[in-house]
Structure formats: C-alpha cells, structure tokens
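Across the two complexes that follow, chain A remains constant while its partner is chain B and subsequently chain C.
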Partner chain A sequence: MDLTLYVWRQSGPASAGRLEEYRAKDITSDMSFLEMLDVVNAELVRAGREPIAFDHDCREGICGMCSQVINGVPHGSREKTTVCQLHMRRFRDGDTIYIEPWRAKAFPVIKDLIVDRSSLDRIMQSGGYVSAHTGGVPDGNAILIPRDDAETAMDAAECIGCGACVAACPNGSAMLFAAAKVAHLAKLPQGRAEAARRVCVMTEAMLKEGFGNCGNHYECQAACPKGIKVKFIAQLNREYIKAHLKDGRDT
Partner chain B sequence: MILDGKCPSGPIAGKWEKHRHEMKLVSPANKRKYRIIVVGTGLAGSSAAATLGELGYNVEAFCYQDSARRAHSIAAQGGINAARNYPNDGDSVYRLFHDTVKGGDFRSREANVYRLAEVSGNIIDQCVAQGVPFARDYAGYLDNRSFGGALVSRTFYARGQTGQQLLLGAYSALSRQARAGNVRLYPRTEMLDLVVIGGEAKGITVRDMVTGKIRCHAADAVCLCTGGYTNVFYLSTNAMGGNVTAAYRAYKRGAFFANPCYTQIHPTCIPATGDHQAKLTLMSESLRNDGRVWAPKIRGDRRPPQEIPEEERDYYLERKYPSFGNLAPRDISSRAAKEVCDDGHGVGPGGRGVYLDFAGAIERLGEDTIRQRYGNLFEMYERITDENAYKQPMRIYPAPHYAMGGLWVDYNLQSSIPGLFVLGEANFSDHGANRLGASALMQGLADGYFIIPCTIAHYLAQTRPDAVSAGHPEFVRSVEETETSIKRLLSINGRKTVNEFHRELGSIMWEHVGMTRSRESLENALRRIPELRAEFRENVRVPGREEDLNQELEKAGRVADFLEFAELLARDALYRDESCGSHFRVEHQTEDGEAVRDDANFCHVAAWQFRGADKEPELHTEPLAFENVRLAVRSYK
Partner chain C sequence: MDILKNSVGRKLVMAVTGFGMIAFVIAHLLGNTTLYSGPDGINAYAGALHSCGVFLWTFRLTMAVMLSLHVFFGIQLTLENRAARPQAYTVTNYRASTFAGRNMIWTGLLIGVFLLYHLLQFTLQVTDPEIAAVRHPDALGRPDVFTMVALSFRKAAVAAVYVCAMAALGLHLGHSIQSSLQTLGLNSERTFPAITKGGIIAAILIALGFVSFPLVIYAGLLR
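Our next item is the complex of A and B:
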C-alpha cells in the first residue's frame, strides 16, 4: 500500500517545528508501524535528506521508549498497544497519517518525534521505591502475600513509563503514571511502611516538574498501552488523604 | 599465555565464603573518595550501581536509552532461577550448579557457577524486599515453574514480564541512590572508548547523544555492564540499540575477548515475514511447559494445522528426547527445528517454522488457566501475526538471542585490564557453551548485588583514589581519536545505508556462522566479512551532523564495530574444532546428529587479545578443570 504521512519535524528544542509531507510507498500489511518509518527513513537517507528522528529500542512493547501520537492518539488507535507493536494491517492503501511527538509542558521536544521524559525519572527518584538495602532482608516467603494482592500489585506494576497518559491528558498530568507506582507498592507489605511518605513526595514532585492536575478526564486510561486503570488514581487519592490525616495536616 | 581464573582453593562449597573473608575492604570513610563508573543500567548495571552507591562510593552510571529503566533486561519474559527447593522436588544449590555446568556443555568455570547457585536464593529475597510482585499461590507463597534443561521447578516469575519487574526493582534502588546523591545518572550517553593509564582502567570517553559532544569521565574503576552482542546477526531478539561497541573498544584497549563463538539461538521466536523485518520477537521458553512442538510428517504439507490428524504429526522433541521432551535445552531444540525445516517439514512462509501447540493444554487445564499463565504472550503473538494461538498453534522458529561469550574475567569479575570489571551478559563467565533458560537474570543480579561489591573493594583497597583527572593526556588522545573516527564516518558519503550493511553482515553470519558451522562455511565468512567491511568504509552514507542528535551516526558506529567483531567471532568458531553446546561444527557430530566435544584438545576458554587493526589477534587459553561435576557426554534422552 501507499500512504501519505505528515510528520512533525523540529531540528532542536529551541527551533520551531512543522508538519512535513512524505510518501510511504510499497508498504506491506505485516510491517510494523516503525518498520514502515524505517522504509521512509531509508529513502530519505538515500536522497541525502535527514531521516526522521524517533525513539525506540525493544520494539516489543515493553521498554517504553517509543512515543508517537498517531492521528491525534498517543500510540495510535489500537487499544493496549505501543507504537512499536502497531502493525500496518490496521491501515488502508491511500490513507493519510499524522505523526507527532508527545506534547506536554513537562516533555520538551528534543528533536522531531523525540521528547525529554527525564521528569518521569525524577518523580521516581523522589520516592518511587522501597528503601531496602542490599543484603540483610528476610526470606522471600517470610511474609506471605495473598495471591490477589500480588496480582493487583502486578496490574499496577506493569506500567512501562512511556508517558502516553501525560500526552493524552488535556492537563498534561502524570497522575496515572505516579498512581501506578504508588498503588503497586502500597498493595505489598514491603511497600506499606513508606506508603504515606511516598504518596506525598511523589505528588509534590509531579507538581514541581510542571505536570498538570488530574481533572478526571480518563483519557490516560484510554491511551495507556498496558491497560493501567484509573482506579489506581482513586487509590492514590485515598493514600494521599490517609497520609495527611495521619500527619494531622490539612489536605 | 595460560590465563589464571584466580579461583580460590579448597572445596567448592567453601570457596566464596573463604574468598570473601580473605579480600581486602575499603573503610567506610574512604569509600566516598573512590569514583566508580558503571556503563549500562540493565539488571547487572543497575544492581551494581545501586549497591555500590549504597555502600558510599561515588558512582556514575551510563546508558544509551533515555532512562535507566529501559535497558533490554526489561524484555526478559520467562523467569529467574534460584535453588530454593520451595516445591520440595529435590532441588539444591548443588543441583542448580550441576544443571548449569552440564547445560553449558562443560565449557564454564566450576567455581563461578557454584557461587552463582549459592547466591541465587538471596536474589529472590532481595527482589521481594524491593516490592517485585512475583507470582504467588493462593496461600501467599512464591510460585515456581519449570524451564528448559531442568527437571525441577526452580523458576520464579512475574507473569510474562519477569525481566521488567526485576529491572524496575533494581531501577528503584538506583533511583533511591540518585536521590541520595551517591549515583549520578547519564542517560542518552554512549560509551565509545575505554581509557587505560599505566595499564589500569581509569575512565571512559562518551558521546552525549543529544548534543553530540564527546567528553571524558575519569574514575578509579570501570564496570562494563553493556549486555550482549547478538545483534551481530542483524535480526535477533535483542533491542535495536544492542551493540558490541563498549566491549569491543575495551578489547581494542587490551581486554581479552573470550569464546565469542558461543552464541545462543533461541528455539521459540516468531518467524520473520520479509526483508523489512527489523528485529525478531521471542516467545518465552516457558511456553514449552504447556505447548507441544510438532511439524507435519508429510513434507510440504500445506493443510491448516487443525486439519492434520494426530498420526500425521511429528512431535519430534518428544520422540528424540523422551525424558526432557519439549523441555530439551535451547541449543538442542533449535537445531532440531532447523533440521525438520531443512528436511522440508517446515510450516508458514518459506517453510521456516514449526508448530507450538496448546490445544492439549487448553483441553486439560482450560483456556482460563492458559490465559493466566501466558496471556500477554498470546496477545503479543496476535498483534504481530494476526493469529489467535488459543485457536490454532503458534508458528515458531529459532532466532539469535544471547551471547555466552564476552570479555574474559577472572573469579573477581575483573578483565585482563586491572580496574576494568565486566558484569552480566557482557562477560563470558558462567554459562559455558550454552545458557539455560532463566539463568541470565540470575547471573546479572548476582554479579551486581552480591559479587562486585566485594571484589571491587579488594581492588580499590590497593589503589590510590583520584589518581588521574580527565585532563590527563591519555584522555585528550582518546577524545581526539573518537572525534576523528566520527568525522571519517560522516565524510564517506557513499551510496548504501548503514542498515543495508548491517543486514548483509547479518545474512553472512546467519548463513555461515549461525546454528551450524563448518570449516568451509567459516572460511567463507572470513573471506566475506573483510570485503564487506572494506566496502562499508568506502560506500556507507551517514547523513547529518556530528554535534547533533544523529541516530544514523549512532548506528554507523555500532555497525562499524560489528563488522570487525564478526571476524573475531568467526575466527573463534573456526579455531574451536569441536562441537559443544550452541557451537555446532558439522564435522563433529554423532550419527544421530548430537554434538561431539573434543575434551582432549578444547576443554579450555579461548581468549583473544587485540594485536592491531589488520593483524591477527593472539590466542590465550584458560584450562577448565572439572573436579565436582564429572566431564561426561551431555544427554537429554
């Protein structure tokens, strides 16, 4: 099939960007979306032009590196699928496709489709961990964890840190991302001890990094390639209130 | 030269304990004065950097992705081994040790493997403490599954995302240390050179992948945790950025490269569909717990699998290896698949595939149980192939997956350059000629959490901290050389893309240095690789600028190294005139196609020393002694 692409090109953080038109020719339906872009880029290189810069690494939907808004939807329209796992059989000959980077205040564009997501790392650094020192920990079976709790923790822990939730949110909020970590650790006895502190510092870090507030639009859940549920945001809110009640602080 | 692995003396079970006692320590107040560079933030790198940071060292950690959390360890699906014997099925430290030595076809170092088995249990405890949500049974106990090459259930898992959860655990420990100021993180930074001063590793030269700036980092020791080199085959299960660059450039600075020909081909991957294919996707080996592998008995049978009656199916693994059946080790399963396909029984496009069938398991256990166990894998399969594996068998084919070979290290994980330590898949140490499933995650975390903190202290205690600064002439020289080679790549301005070269190299490697090798095929490869390399140097086109984010330039540097390294790999395969584990030389096989080792001549590690750009490398060997596991013919029948 042959396609027309409009791709966001921006040479650097300070420069203005714009959509440019490209043709993708002889694309087959079993190619992945990124393999389609590989074909376009190979043509650009042969023509002596700069290829489109985009982030990707595992191409298996697990590293969270790929990050493109396709026809207005982060990771494209197939639910629970990252860009790298999207296949061209979802498109038809003659289609026009718009490809843009994540857009959010906390994710400045570096080049073309590549953005800076280090703000997510800093949220994790603020408290997205259990303070366990290497060595000197009890046997893994010393504290039993009911299967359902382990499964719920795992549901939340599946977040790949891609940032699609932020890109999808009208407020550019990272609430789903932070909630996934807060809920994952709060569900496990190992993470419980620091739960109150964690939810406070992570929430603060989010605001400091320039992420917006959650307005309950739930666009994040729709865009999330791992199916992280907004119920975890409700849990974050509960943890937050609990933490402040305990502190006697005003929420 | 005969290399000394520096294994402690005494009975195997007491070696590590004794060694830990004998090693020197760095006092708590002095640790701050030492700077340690950790390149790579996969399981090995993250666990090492976090633990060294906790101990109080000054750590700098580098990776090429935009976040430490995205290292390719994240993609590991199946699980991690530990000798815990929770299911009470007869496992022990000794059995894990034994299985690993045997699985590696008697080409690994006993002392290292024993230590690995010994610390395996601590890894699980550590991960649980960090909040890794391992699978649990209804009573709340940790659950186990079985994996290829073992008759016990010792594999711990977190759905089909074990690597992800373990890495996120290590990354969280790393984040904590970053917050505490003990670790400084440098994402989107690629190591391009190792700096050796006075015979010791004293730093690295890197390229900032956003600005293109080349700069140096000086340190008192360097840990390379940069993963495997399987992308030398172009198509593999590794991440797109997987490279040999860091290890190869260390090799060029004097680190010996050991057993590069030991490369693992994984039996259960989704078959390629065409030339556009950029990488291959693994279907976890854990699927072989419940899936049965078969091919049609009739050559070229084009009927849909459901229409092929039971008696016309060849469950060739069960037939050939009755005791291990579908759980035969990877090298054996992969070769068996290639054989049936070469013999005309393959299915799918080009006849390059066999079936992995869950119909029986679904009937026995119900679709829900199968979904619970492998749901995400079935989904992934459906996304890529558009086929529903609950309704029809998966099609699978072997693909390059893992590098057992790597930089040579001694028992302390120190390379042949003092001060340069190598951890995880980047070293050669524990898996011999074939790695068993669920053992790489174990090794990466063992190296990072438990081994390097002890052994690096022993080295540092004998080193003056802060001995050199990044202004040293060797650093200046390294920066100049790196800049020159980048400028050269950008100035060639030829007609072929970097990818075209990489793909051609991959097809030479897969064809001639792949699952089966012969003197003839290897000599052929050794003729063609240098030709392709020469063409690359004249005819590659790398667009864009040096001081910019330039992904084609990044790739070009990696492919340039693969084009040199491939020759070393083929040379090693030619040298090793025997079959062992994943290294299968057609000249050395039994009548029914099993590998035949030559213990009289090759029971050793082959470690290569760089001798100059167009000179042959020099071979050093480290003899392997088997004092605890009897050197025997490996049998899985």
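Our next item is the complex of A and C:
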C-alpha cells in the first residue's frame, strides 16, 4: 500500500519544528509501524536526506521506548498496543497519517519524534523504590501476600514507563504513571512501610518536573499500551489522604 | 501548608469545596420548589431563612470561603495544566474525555459571573429596585419574594440568562460529580460506570430543576 505521512521534524531542542510530508510506498500489511518508517528512512538516506529520528529498542512492546502520536492518539488507535507492535494492516492504501512526538513541557523534544523522558526517571528517583532492608533470600512462604493483592500489584507493575499517559492527557499530567508505581509498591508488604512518604514525594516531584494535574479525564487509560487502569489513581488519592490522616505530615 | 502546594492536595480542596457547594445547590433547589406553592410558600420560606440570624451569616461565610478556595485553586490548577503542554498537537483525537470535562474552567467562570448577577438581583436586590422584595411587603408584611421572582422571570432576557447559567452548571456538575468521587478515592473499577452515569443523571436533574422556575414563569404558568 502507499501512504501519505505528515511527520514532525525538529532538528534540536531549541529549534522550531514543523510537519513535513513524505510518501511511504510499497508498504506491506504485515510490517510494523516502525518497519514502515524504516522503509521511509531507507529511501530518505538513499536520496541523501536526513532520516526521521524516532525512539525504539525492543520492538516487542516491553521496553517503553517507542513513542509516537499517530493521528492524535499516542501509540496509535489500537488498544493496549505500543507503536512497535502496531501493524500496517490497521491502515488502508491511500491513508494519510500524522505522526507527532509526545507533547509535554516535561518531555522536551530532542530531535524529530524523540523526546527526553528522564523526568519520569526523576519521579522514580524521588520515591519509587523500597529502601527497607529485606534481608537474605526468604523462605518462599515467609511473607504472606494474598493472591488478590499480588495480582493487583502485578497489574500496576505492568507499566513500562513509556509516557503515553502524559502524551494523551489534556493536562499533560503523569498521574497514571505515578499511580501505577505508588499502587504497585503500596500493595506489597515490603513497599507498604514507606507508602505514606512515597505518595507525597512522588506527587511533588511530578509538579516540579512541569507535569500538569490530573483532571480525571481518563485519556491516559485509553492510551496506555499496558492497560493500566485509573482505579490506581483513585488508590493514589486514597494513599495521599491516608498519609495525612495517619501522621499529619507531608515530606 | 504543603497540602496546598501538592497536586493531589489541591485537587482534594477542589473536591471538598465542590461537594459542599453541590450540597448547597441541592438544598437551594429543594427550598426553591416552595415557589410552586405560590406567595405563601416561598415568602414563608424566605422569612424563615432570614429569622436564622447568626446561623444565616455563618452559613454565608462558609459558602464564601468554599467558593473563594474553589475559584482560586480552580484557576491555579488550570493555568498549571495549560503550561504543562506549551505546544499543542496538530491532530487531537480524544477518546475518553468529554466536552464538559475539558471546559471546567469556562463553565466554572460562567457560573461565577452568573452568581454575581444572581446575588445582586435576588439577595441584595439592587438590579430591579421597583420589584425589590425588601421594599414591597406582601399582605402579611413579609418581603414579597414571590412577586419579585415572578416578575423577573417574565422578562425574556432574565429567563434566558438563567437557562444559560444552568446549562453551564449542568455541564460543570456533569463532569465533576464523577471527578470529585475519583479525587476523594471513593471510586473503584466496579463502581466506575455507575458513578459516571449517576453523576451525569444527577447533574441533568439539578439543572432541569433550576431551569424549570424561569421556564414555567416565563410561559405564564405561574403568576
């Protein structure tokens, strides 16, 4: 199939970018979206032009590197699918596709479709860890975790830190990301000990990085390639309330 | 206080003050239905409220504080949210958010402007002195609130202002009942659909309830 692409080109963080038109020719339906871009890039290189810069690594939906807003939808419109796992059979011959980078103040564009997502890492560094000593390798059943808690924690732990939630949010908020981390750790006994401090510092770090505030629009849930649910945001809110009811302090 | 700087902390202030105002709005709606029992209904109701003295003023002060906090943080949060996306997308494709949700600041500010007019009109009674209830007692010597309201809503422009303002209120509440329950953490995957739907239905009922007064009076069904 042949496609018309409008791709965001920006040579560096400080320069102004713009959408440029490209033709993607002879694309087969079993190519992934990134393979389609590989074909376009190969053509650009052959013609002596600068290829389109985009992030990617595993190409199997687990690393969270790929990051493109396709026709207004982060990762494209297929549910629970990263760009690298999106196949061209989702498109039809003659389609026009707009490709833009994640857009948020906290995600400055490095080049073309590549943005700097280290702000998410800094949210993690603020409190997304467990500092309690867990000792040596414990006996398998030494710490009892109810099955439902383990399952819920694993659901939250599926977050791959891609930032599509931020890209989709009308407020550029990282609340779904923060909620996944807070909920994941708070559900498990090792993480529980620092739950109160964690929710306070991670939500503070979020604002410091320039993310917006959650408006409960739920665009994040619709965009998340890992199906992280906004029920975790409700849990983050409960954790925040609990943190203040219990010891009345904020860190 | 750190709560008032935190993202979730300020959202909680929005939700608590918003909920307080929703409670007021519902009580206000129920109280206003005394309009339908004619002058005896609403004039007696208004008289009873005004005899509460210090309680009335405590209540008014509480409402003013709640509203001020709500407006202040509403504007502050919105400005931060706008700043968080300095460059807009060329193509947007919303799949979960609603018109009501994305326009909370505009429906909120509309309600605020309406509120000023509404207070000048029916509380301070300075917009239409010729029908001000305080200066025109009814047969029993009570301020004639019924006549003031009834004559006001006979004017098309006044009735239209009320209909528009209540449409804004309906939109504001259509998003915010669901939203505030989520902010307060009182939401789960199981209750989610019911809370969203219930919030919209409640918002429509509240807006329709208020709109009924100007419509019924303008249509000449209540004199």
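Keep in mind that, in the parts below, the second predicted complex is superposed on the first by the 239 of 251 C-alpha atoms of A that agree within 3 Å, B and C clash if a C-alpha of one lies under 4 Å from a C-alpha of the other, contacts with A are read in each partner's own complex, and residues count from 1 in each chain.
To be clear about the criterion, a contact is a pair of C-beta atoms (placed from the backbone, for glycine too) under 8 Å apart; a residue touches a chain by one contact, two chains touch by 3 or more.
Nothing here was measured: the structure is a model prediction, and the numbers come from that model.
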Classify the contacts of A:Val130 with the two partner chains as first (chain B alone), second (chain C alone), both, or neither.
first
Would you sort A:Gly215 into first (chain B), second (chain C), both or neither based on which partner it touches?
second
Once chain A of both complexes is superposed, is A:Ala104 in touch with chain B (first), chain C (second), both, or neither?
second
Check the residue A:Gly191 against both partner chains and state whether it touches chain B (first), chain C (second), both, or neither.
first
Looking at the overlay, does A:Asp2 come into contact with chain B only (first), chain C only (second), both, or neither?
neither
Of all residues in chain A, those that touch chain C in their complex
6, 19, 69, 71-73, 77, 98, 100, 103-106, 170-173, 175, 199-200, 203-204, 206-207, 210-219, 221-223, 229-231, 233-238, 240-241, 244, 250
Write out the stretch or stretches of chain A touching chain B in their complex.
12, 28, 30-32, 34-35, 38-39, 42, 44-46, 48-51, 53, 55-65, 78, 80-81, 85, 87, 89, 110-111, 114, 116-118, 120-121, 124-135, 137-141, 143-147, 150-151, 153-154, 157-158, 160-161, 184-185, 188, 190-191
Using the touch rule from the top, collect the residues of chain C that touch chain A in their complex.
1-3, 5-12, 77, 80-98, 101-102, 104, 175, 178-179, 182-189, 192
Of all residues in chain B, which touch chain A in the complex?
47, 50-51, 54, 65-70, 72, 74-75, 84, 86, 122, 124-131, 133-142, 158-159, 161, 164-165, 168, 171-173, 175-176, 178-179, 185, 187, 210, 239-241, 273-274, 276-279, 281-282, 379-380, 383-384, 386, 449-450, 453, 495, 497, 499-500, 541, 543-544, 548-549, 551-552
